[in-house]
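Each structure below appears as structure tokens.
Next come two complexes, and both contain subunit A; in the first it sits with subunit B, in the second with subunit C.
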Partner chain A sequence: MLAYTVKRLLQGAATVWFIATATFVAMHSVPGDPLANQRATSEEIRRNLEERYGLDRPVIEQYGIFLGSMLRGDFGISFTQENRRVNDIIRENFPVSATLGILAVTFAALGGILWGALTALYRNRLPDLVITFLVILGISVPSFVVAALGQLALVNLNAAVGEPLLPVAGWGTLRHMIVPSLVLGLGTMAYLTRLMRSSMLEIADADFIRTARAKGLPPTRIFLKHQLRNAILPVVTVLGPAIAAITTGGFVVELVFAIPGLGRYFVTAVQQLDYTVIMGTTVFYGAFLVVMVIAVDLLYGWIDPRVRLE
Partner chain B sequence: MTASPTPAAGRPLLDVADLHVEFDTHGGVVKAVRGVSFSVQAGRTLAIVGESGCGKSVSVLSVMGLVPTPPGRITRGAARLGDVDILRRKIVDGHDVRGSRIAMIFQDPMSALNPTMRVGDQIAETLQVHRGLSRADAFRRAVEVLAQTHIPDAEARAKQYPFTFSGGMLQRAMIAMAIACEPEVLIADEPTTALDVTIQAQILDLLQELQRRTGMAIVLITHDLGVVARMADDVSVMYAGEIVESGSADDVFYRSAHPYTLGLRAAMPSQATTKAAGLQPIEGTPPDLFDPPPGCAYVARCPHAMHLCRPHRPEPFQVDPAHHARCWLHHPGAPAGRDGVYRGARA
Partner chain C sequence: MDAQPAPRRDPVTRAAVRQLLVLGAVCVAVFAGLMAALAWASSITGGGSAVHRAIDFETRTITLVLEDEPPQLDSTRSTDAISFRILGHVMEGLIRYDASNDLVPGVAERWEIRPEGATFWLREDARWSDGRPVTAHDFVFAWRKVVDPANASEYAFILYPVRHAEAINTRTLPVEQLGVRAVSPRVLEVEFEGPVAFFDKLVAFGLYFPVREDFYESRGERYGADAVDLLYNGPFAMTRWVHGAHVRLEKNPHYWNRDTVQLNTIDMPYVTSDTTAAVNLFKDGSIASTGLGQEQLEEAMKLRWNLGRYVDGSVFYVDFNFRPERPTSNVHLRRALQLVNDSAELVNKVIALPGYQPGVSMFPGWLTGVEGPFRHEYPPPVVTPDHDKAREHLAIARQELGDIRPLVLLTDDSPIANKQAEYYQNLFQRTLGIEIRLDKQIFKQRLEKMTSGDFDMVAAGWGPDYADPLTYGDLYASWNGNNRGLYENPELDAQVRIAQSSLDPRTRMDAFGEIQRILIEDAVHLPAFERGRLFVQRPELRGVVRRTVGTDPDYTHAWLEETP
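Moving on to the complex of A and B:
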């Protein structure tokens, strides 16, 4: 198990290196000047700035410097925000995005498992049909539409109650977090619901469920200990990619709900060609996703003993 | 392990009478079981024999309450375990009779165990549910039961998952699971079909050993006449959803009173190596159970069919006191021929 974990971590490190290199190459191939928005008014100022950010050196040398400082965990200083270190930007804003993402993933996973199990239990009856319809809606409607609708619903709700029940935007308390994480997790939850439903139905016909019934076990025990645990396996498998989908999808939701997350920097940095912020946020997100996927794989091994030995 | 209290001799432990089971399918209603009756006494083994699709598995699954409804439907009949009709009522004295008084093992042990649960826990589970043992006590008992099925190093094995077991070991674990609560009746649905031949013999020996020790009754479903000869005290031969012949193993094997039983025997491989001793297949196919024939189900394949066989369904005729056959040849008016069909000691 330890050897497996170490092996996966090494593979993950290689992946992060690849992400960093690919981003670096792509970033430097994009036409445009990172200093164009700056006060590079005269040739002298431009030279000073280029020297400060190391842009006067050959690209390959810049790459070496970048890799070196990345290994030390230093992503440098932002091009566009005076004297602001990329590490500080990540440190200040990532916890907000992470909280939102974790809440959304939790909501998506629990909701997906619950609704999926429920639809399987009520197969082809009214609850199944209603939930399946909503699921298709949840998969097809993009998150920015859901976010706007969610906000509208909140405004109407607060107006109806007469006092601000849940804040429409902003960040800070748990009450701020509820609606954005629901909106962010909705699409994934819908997808997981479908997956869970088909998985539950497949397991319901399995021989070992018949064995459990032949043993005279109570239906709740069969459901929880035999059916659910085996049906969850495919859901856990896609949790890794689901986390990726949710964290990248988070930018839009952060924007709509005015949440001070990292996603904003991620997007504006690309627009402004803020080299250090692009590299910092991309590598950081890449590393985060790699760690999440590894964590999910380890979790999978914990749920399914057959995977453990590999 | 103490033997279950044996009821008065001669009184059947499990008594199934006039069982009818149907299935709704896209093609119509399949009448899978059409009036099956059988019974088994403590300490004895009843084998139910027949080809695939003849309704033998459905019969015992109905008794266990494992026929999915819908599409399945038990339209008539009773299955008494002691004084209780377990077709109508699975819960007796607050406990499910399944797994405690009547247990079942299945054909494919590879898929019949939960892959994500330790083998010991799967055995302990029945003890927790039916005997109210604590988790730890149930697990200790599960290890003992596993050891009784001759799994080496049962203590360590109980903590492992099914995927680390071989097929034969899994079937032993399955048997341990079934006998954990010392059931009065064990139903074994083709318990050795998925195993290779040497393992088959070991599993059958194990079942007999456990039966001798506990006095449980065994209902053995199989299409393998070799297994029947080795295990059975009594035999019921099923064809197209009904029992066509029943009696002691000797009766059915050596004094076969139904043409279908004779056909099955002829289709059995023998040790003779001459070409003449080759297999004699039964020509034709079983009837369509969407629309079962009004008369004898075997008429289309029977070499001895008579005019009345097609429109009139034969009732089980008594050949000898405990030997019955559902065939018009046993009617007093039937011609006595050199057809090899046993006509009873009186004939």
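Moving on to the complex of A and C:
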């Protein structure tokens, strides 16, 4: 177990290094000038700026400097937020994204398991058909539409009640979190519902369920201990990547609901060619994803005794 | 897969559904508990209050949305509109613009501008937000910072009229040589590089704001990075700045003219560039004012909102590439394109947004000439679309160039730029049979391609830095770095030099009139439109000033009025 964990962590470190290098190469090969601005700058001012950001050195040296400071956990100063360190941006804004992400994932996982189990139990009857239809809707409608509709619903709700029940946008309190996290988790919940449904149906025909019934176990026990527990396994497997995807993919929801998360910085940095922020957020998110996948694999071994971690 | 339906009265199913209901209840409880825990945790790390009302009469507070986070608020290095908007409320220069856009005393109570220099007498009661007086030395320190090469300020050129500024910025002179000095704490003496006709207007610009040396040094790299890392001498002071989330300005009790400031607080607890979200906030009664995009226009009309509109001062046009190997260096080809271009059609039928004006000149309609509007005193030559004449010019161009290859039109990838580019593509193909290839790029890549000359035509725009025609007039001078098509015309250069060095309004405006004529007659570019802005505002909020140059919108003189 310990050896396995160490091995996976080493592999993870190599993956992060690869992500960092690939991003560095891609970033420097994209056309466009990070220092360009509407007003043309004179040669001198340009040279001053290049010096400030170390862009006057050869690319390979820049790469070396970048790797060195990355190992020390320092991603440098943002090109566009000139007085802020990339570390500060991550430290201040990632907790917001993480809060939103945790809520959305919890909502998606709990909802997905419940609805999936329900549809499997009512297979081909009305509840199943209705929920399956909603699931297809949930998977195919993009998040910016759901976010805009969710916000519009809030406006109408507040207007109907006559006083501000839930804030339309912004961040900071419980009331700010409810709708954005539901909107963010909706797509994943739909996906997990479908996964859970097929997994439940597969298990329902399994030999051990038949055995359990045959030997007369109480139905409650069969369902909880045997069917549900086994059916959850595939859901747990995709949970790791789902957490990372939700936490990093909150850009649209953050924009619509004016939430100060990291996703916004991540996307606008690419548009503005903010080299240090691109590198910082990519490496950070990359490491986050790797850690999540490893965590889920370890969790998997704990839930499913058939899996041996070696 | 689902061949046989489950038997209806299966005891397992019924028990399972009951179990699921219990589980569901547990899940809801877990979710609610988790949410409460996280809300508590994030309130520790600095959250905001739950609900903001657009207008609070009791505390005289207005709530607004901020489109973007200011990169930083060190005025010596600012470049963007959001920073200048906030700085315009929390800082004050020697001279400022009043509610009717006239120049009025700011920190300086009076001033004298001569051909070779200027003197400013500072008022006694001008104070920083820590109560200490604003002195002439604060201006000397700030101006030196702007031109100091180590500071790498992109807007440093705006101080070039001050003696030695350019030489210092290009490292040929030490920064102490800058032509500005504090004769006494309350007298500031400025020397010019050459005569400058609009120095009073320049001084109102954000890069000329004061910075206090001891405070600046005490903050080091952090100056302007947070609300506590700045000193304020304007009508408001920033009391809260949660990055990406919340900016709050409160009335500055040390401001010399505090009695004229009516609002106590300008609160901006929302930061988003999504106009739909902003309009939803407005509809919800959470914010007092917001800009409108095209998508929200229909709804705003339906809800009978009171729409405000104004021109923001920017002009948009299509630039040509004059490098000799480019077909667009041929005047007859440019003439042909100019003769089919119809900016009225572009604005009225294609863009179709209220507030936009068809482009007819490089000099927008809001500029002032000798006495009245510049374009009334110097009407631009009219180009009426004439397809026959255009084809004649095209024939000549074909003789001179041979076959004309498809032209590359470089453009931004934004909704309006897309509409504009597709309009030209269709227009030139339909009327002249010239094929246009669109090269859509994000802003920074478009700029790089413009600078390296990788285009035949480019959809570009220009916003004013100061309220003088020269802010547009010198763009096509052969030495101007923004002249990215490398247009070169000694006749035009001569007129720019006159406009730059003369102090006589008539002579200068005559020069701008000539520049305008040359730009059109030589078909140097195709004017497209003058941008308009649409906004909605709560009727209780009065006295907000919208400007083409300077702080926009300006809430300094705004007040609240309860409507029946």
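The rule is simple: the second predicted complex is superposed on the first by the 303 of 310 C-alpha atoms of A that agree within 3 Å, B and C clash if a C-alpha of one lies under 4 Å from a C-alpha of the other, contacts with A are read in each partner's own complex, and residues count from 1 in each chain.
By definition in this document, contacts are C-beta pairs under 8 Å (C-beta built on N, C-alpha and C of every residue); 3 or more make two chains touch, one makes a residue touch a chain.
The shown structure was predicted, so the numbers you read here are calculated from the model rather than taken from an experiment.
Following the overlay on subunit A, a side-by-side fit with no clash is recorded for the pair subunit B and subunit C. In the superposed pair of complexes, A:Arg213 makes contact with subunit B and with subunit C alike.
Of note, the Cα-centre angle with subunit A at its vertex and subunit B and subunit C at its ends comes out at 160 degrees, rounded to the nearest 10. Shared-chain residue A:Ile102: touches subunit C; no touch with subunit B.
Of the two partner chains placed by superposition, only subunit B is touched by A:Arg229; subunit C is not. Contacts of A:Gly73 after superposition on the shared chain: neither subunit B nor subunit C is touched.
Looking at the shared chain after the overlay, A:Arg123 reaches subunit C, while subunit B stays out of its contact range. In the superposition on chain A, A:Pro58 makes contact with neither subunit B nor subunit C. Put simply, more of the residues of subunit A are touched by C, taking subunit B and subunit C as the two choices.
Shared-chain residue A:Gln151: touches subunit C; no touch with subunit B. Taking every C-alpha of subunit B against every C-alpha of subunit C after the fit on chain A, the minimum distance is 5 Å. Residue overlap on subunit A between the subunit B contacts of one complex and the subunit C contacts of the other covers 213, 218.
On the subunit B side of its complex with subunit A, the touching residues are 64-66, 90, 95-100, 103-104, 106, 108, 111-117, 125-126, 129-130, 161, 163, 174, 177. Those residues of subunit A lying in contact with subunit C across their complex are 30-34, 36-42, 44-45, 48-49, 51-52, 80-84, 89, 92-93, 95-96, 99, 102-103, 106-107, 110-111, 114, 117-118, 121-125, 148, 151-152, 154-155, 158-159, 164, 167-178, 181, 198, 201, 213, 218-220, 222-224, 227, 255-258, 260-261, 264-265, 271-273. Residues 1-2, 5-6, 11-20, 23-24, 27, 30-31, 34-36, 38-39, 41-43, 45, 47-53, 65, 69, 71-72, 74, 77, 79, 149-157, 169-171, 221-225, 229, 242-246, 269-274, 276-277, 280-281, 283-286, 441-445, 447-449, 451, 463, 465, 480-482, 484 of subunit C touch subunit A in their complex. Only residues 206-208, 210-218, 221, 225-226, 229-230, 233, 303-306 of subunit A touch subunit B when the two sit together in their complex.
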